[in-house]
Amino acid sequence: MKIPLSYSLRNLWTRRLTTSLTIGGMALVVFVFAAVLMLAEGLQKTLVETGSDDNVVVIRKSAGSEVQSGIDRVQASIIETQPGIAIDADGKRMVAKEIVVLIALPKKSTNKPSNVVIRGIGEKSLDLRRQVKISEGRMPVSGSTEIVIGKSIAKRFKSGKVGEVLRFGMRDWRIVGIFDAGNTGFSSEVWGDADILMQTFRRQAYSSVIFRLQNPSEFEVIKQKIESDPRLTLEARKETKYYRDQSEMMAKFLRILGISLTIIFSLGAIIGAMITMYAAVANRIAEIGTLRALGFQRRNILAAFVMESLFLGLIGGFTGLIFASFLQLYTISTMNWATFSELAFSFELSPDIIWESILFSLIMGLTGGMLPAIRASRMNIVEALRGE
Amino acid sequence: MNSENNIVEIRNLSKSYHRGSLILPVLNNISLDIKEGEFLALMGPSGSGKTTLLNLIAGIDKADSGSIKVKSVEITTLSESELAEWRASNVGFIFQFYNLIPVLTAFENVELPLLLSKLSKKERREHVEMALKVVNLSDRMDHRPGQLSGGQQQRVAIARAIVTDPAILVADEPTGDLDRTSAEDILNLMEQLVVELNKTIIMVTHDPRAAKKAHHIKFLDKGILNARPQIDL
Amino acid sequence: MHVLKLIFRNSLRHKLRTILTVLGVTIAILSFGLLRTVISAWYAGVEASSASRLVTRNAVSLVFPLPLSYKEKIRQIEGVKSVSYGSWFGGIYIDEKNFFANYALEAEHYLDIYPEFIIPPEQKAAFLHDRKAAVAGKKLADKYGWKIGDIITLRGTIYPGNWEFVLKAIYKGRDNTVDETAFFFHWAYLNEMMKKIAPQRADQVGWYMVEVKNPEQAAEVAVRIDQTFKNSLAETLTETEKAFQLGFISMTEAIVIAIKLVSFVVILIIMAVVANTMAMTARERIGEYAVFKTLGFGGFHVSGLIFGESMFITMTGTVLGILLTFPAAKIFASELSTYFPIFIIEPETLYMDVAAGLVVALMAGLFPAWRAINIRIADGLRRIG
């Protein structure tokens, strides 16, 4: 780098209006780019963190999710008695037979009903989910019509306070607690007693059986055993994989949409940078001639203009990222297509996204500045000095 | 003519421009010797080829045929990037419109050619301060060109031209954009460079007053070099 | 006409810059148009639904069924013309990636209630006579290359097992707002199988589709239906088909809002690009503007030149963008038929394209015009040098 960086930077500063418009365009593109990646990241993080690596979810073969699944009582008790299930301090097996159904509850913001997951839980359900903590009130007494609700539900739906009553299935359900499940999908669930819920909804079958592995490395063995048992038409998945699979369609949709959008948008921003850089070259022809006469090589000129354009991209990238980082304050709730139920997740800014955004903005700058920089470096000295 | 004293030796130099299918001869078989420490003015009407001759000596344009030796180096055979390196250490430029970089301060403008040398930052600072002192602008080194008068800008440009201690200085209408007093100053400064620092200056000019300052005057007309004007200027 | 000529010549002075700017506007208008079309595709189901049809489902949520016995009770309710029913089957064809809507329907009445599904009479007869028969939409059949008589196997997710159907009919939409990517078969076949493998799940339907005699009474009929089943084992929720579809969309509202926002972002991006071009152009010509003023032209004329050029560049790009939207939408429609069965450019989208172009042109010209109006003649002339 022979021509000082300050030359490139000060030239950007000299053309403040043009520079800020160009940077503004790039910042918007990077904002959209980062926002979509953050959304996909947030969704995936939420669903992946929902699972634990040593937990196994058993559902009916091909059911895809707990909502579609059904496991009858006989099958459920076969699973319950499998060897390899962890035993807790009280000497009890870490296994829960659960039922998952959807109910429609009115949202606070729109008063429109939205689907919510109700999970009928067993004695061990809470212990199986390390991420779930009761933040207010208490757990329901087993065999009662008491329920606890997730933090996101409390925030987004009507009647979300301890002591209030939800009515569904021709029964009143008293909210006795609110649980905090962090960034996981459980925050968007309502939990009640499995057997009472089955009675209420006249269900004969559980939806899933969840258990903790005594030894996580034995997963394949147990999976093999469950899936080859002719009495069971069930499949076992690690809880982490189960939730990752659920987020796949949505995350893929977001990624495809986001990437194709940003590619198209970035064309606009690259054109903006190109216009700016061509004008920068045109305005400084005599300067370029002088620098060449002083003994600077073509590649020095090329580098100086490319640097200028890279700076444009970089500043645009950082500006876009700063605005995108404020998105972390927002929570998005939308229907998860895999379960047809509401799921709340937030924008998540990971280091990877930061790098990708900055790299992306540099590429935009480089693409926009390359042709003008080449034109600058190719000028004939004598003609350039005459300002042609 | 003692060739050991010659800093520039030009032999049978020809150059023509192509405008579409038209070929316009500019320099026609020119030979010229310039001695070390000489202050030479090139005069001639517009289009006579004087700027082209200057550009060729300075190594920013290519001749069609002939040879140019500067300090015994045949510059017509140098490649483009060799030529650039050669210019950086052997030629100083002074332009009619100063051609300072507007976003850089006077100091940084003068420092610019030194960035191509291997000098340390401290050495560069010393050289720049010295050059600015020669042109008597030490108090303005942090000003940008826009904050300086025309005469001051031209003095910065001269400092930039001498900071690498080149053997020859080429000046194209150095007083063309200046009022009479400033022009006087600049010409005195250039004379001082020749007399005190033993620089060789080749100056293209229209201005008879500027030419008078020079030690020799050569006249170019229709591509041919003469010792006196063919027509009244 | 001199002014127009001047504007035209001015905009060609920096050909490369003008071409790049026009190209940028073209891309922006193209993507804006496509995004708006994605939004209308999202609501396509709502647009296509009829006000004279009601959907009755379990009040708890869609995953809960209703007993088959409700059918007769609903039919007897005043104002009901005919009743049919169906269940969401949710089968997978070969692989999860090949998603399409598939249901089990009580076909005879359903097809009467849905006159927008056009099936050739002989195909319809063949379908009704075969209990394992199925019907596919034309786009769906084209996508997988199905022909009448083909055997199609779906893997059940809600109803376990592999299910084989014989394609007996292919329906077309009455117009291009009808989804041609659905697949349906006889509900009776589903029920017959459920009786064998899971008797407790037999005789249950996902929803009832009710046709009312008079669309104006739809709301009253809906209330009457829900009253009938109040305090029964399965309470119902009855809405017009439109409200039912809107309910689905409201759950994905966040995504729709995001796409809407993003569609405006692209306009902002291009606004920055065009504003940049105009700012550079005006800065270079400030001396000329001063000359115009010297000649006696007012600030109004000078700003007219700037806005005229901004308008010329932006509108050229807008027109090109609109023209390109049509072939692009066609490619989109075939690539994304899984997500958006209906993908048509609405006239409103084109109006919005033009409006966006106008806003961009005006905003981009604003600052340079203001500067040109306020430049003092002497300052402007000095810049010529």
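Letters A, B and C mark the chains as written, and numbering starts fresh at 1 in each.
The rule is simple: a residue touches a chain if its C-beta (ideal position, glycine included) is under 8 Å from a C-beta of that chain, and two chains touch if they have at least 3 such contacts.
From a predicted model like this one, the values you see are computed outputs, not experimental measurements.
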| item | value |
| --- | --- |
| Chain pair whose interface holds the most contacting C-beta pairs | A-C |
| Centre-most chain, if every chain is reduced to its averaged C-alpha atoms | A |
| Chain centre separation (chain B, chain C; CA means) in Å | 70 |
| Mean-CA-position distance for chain B and chain A (Å) | 64 |
| Interchain centroid distance [CA atoms averaged], chain A/chain C, Å | 25 |
| Of all residues in chain A, those that touch chain B in their complex | 2-4, 6-7, 10-11, 13-14, 286-287, 289-298, 381-382, 385 |
| Touching residues on chain A, where the partner in the complex is chain C | 17-18, 21-22, 24-25, 28-29, 31-32, 39, 60-64, 67-68, 101-104, 110, 112-115, 168-170, 201-202, 204, 233, 249, 253, 257, 261, 264-265, 267-269, 271-272, 274-276, 278-279, 332-335, 340, 342 |
| Interface residues, chain B side, partner chain A - complex | 55, 58, 60-61, 80-81, 84-89, 93, 95, 97, 99, 101-104, 108, 112-113, 115-116, 160 |
| For the chain C and chain A complex, residues of the former touching the latter | 16-17, 20-21, 23-24, 27-28, 30-31, 35, 59-64, 90, 92, 96, 155-158, 160, 200, 231, 233, 235, 237, 247-248, 250-255, 258-259, 262, 265-266, 268-270, 272-273, 275-277, 279-280, 339, 367 |
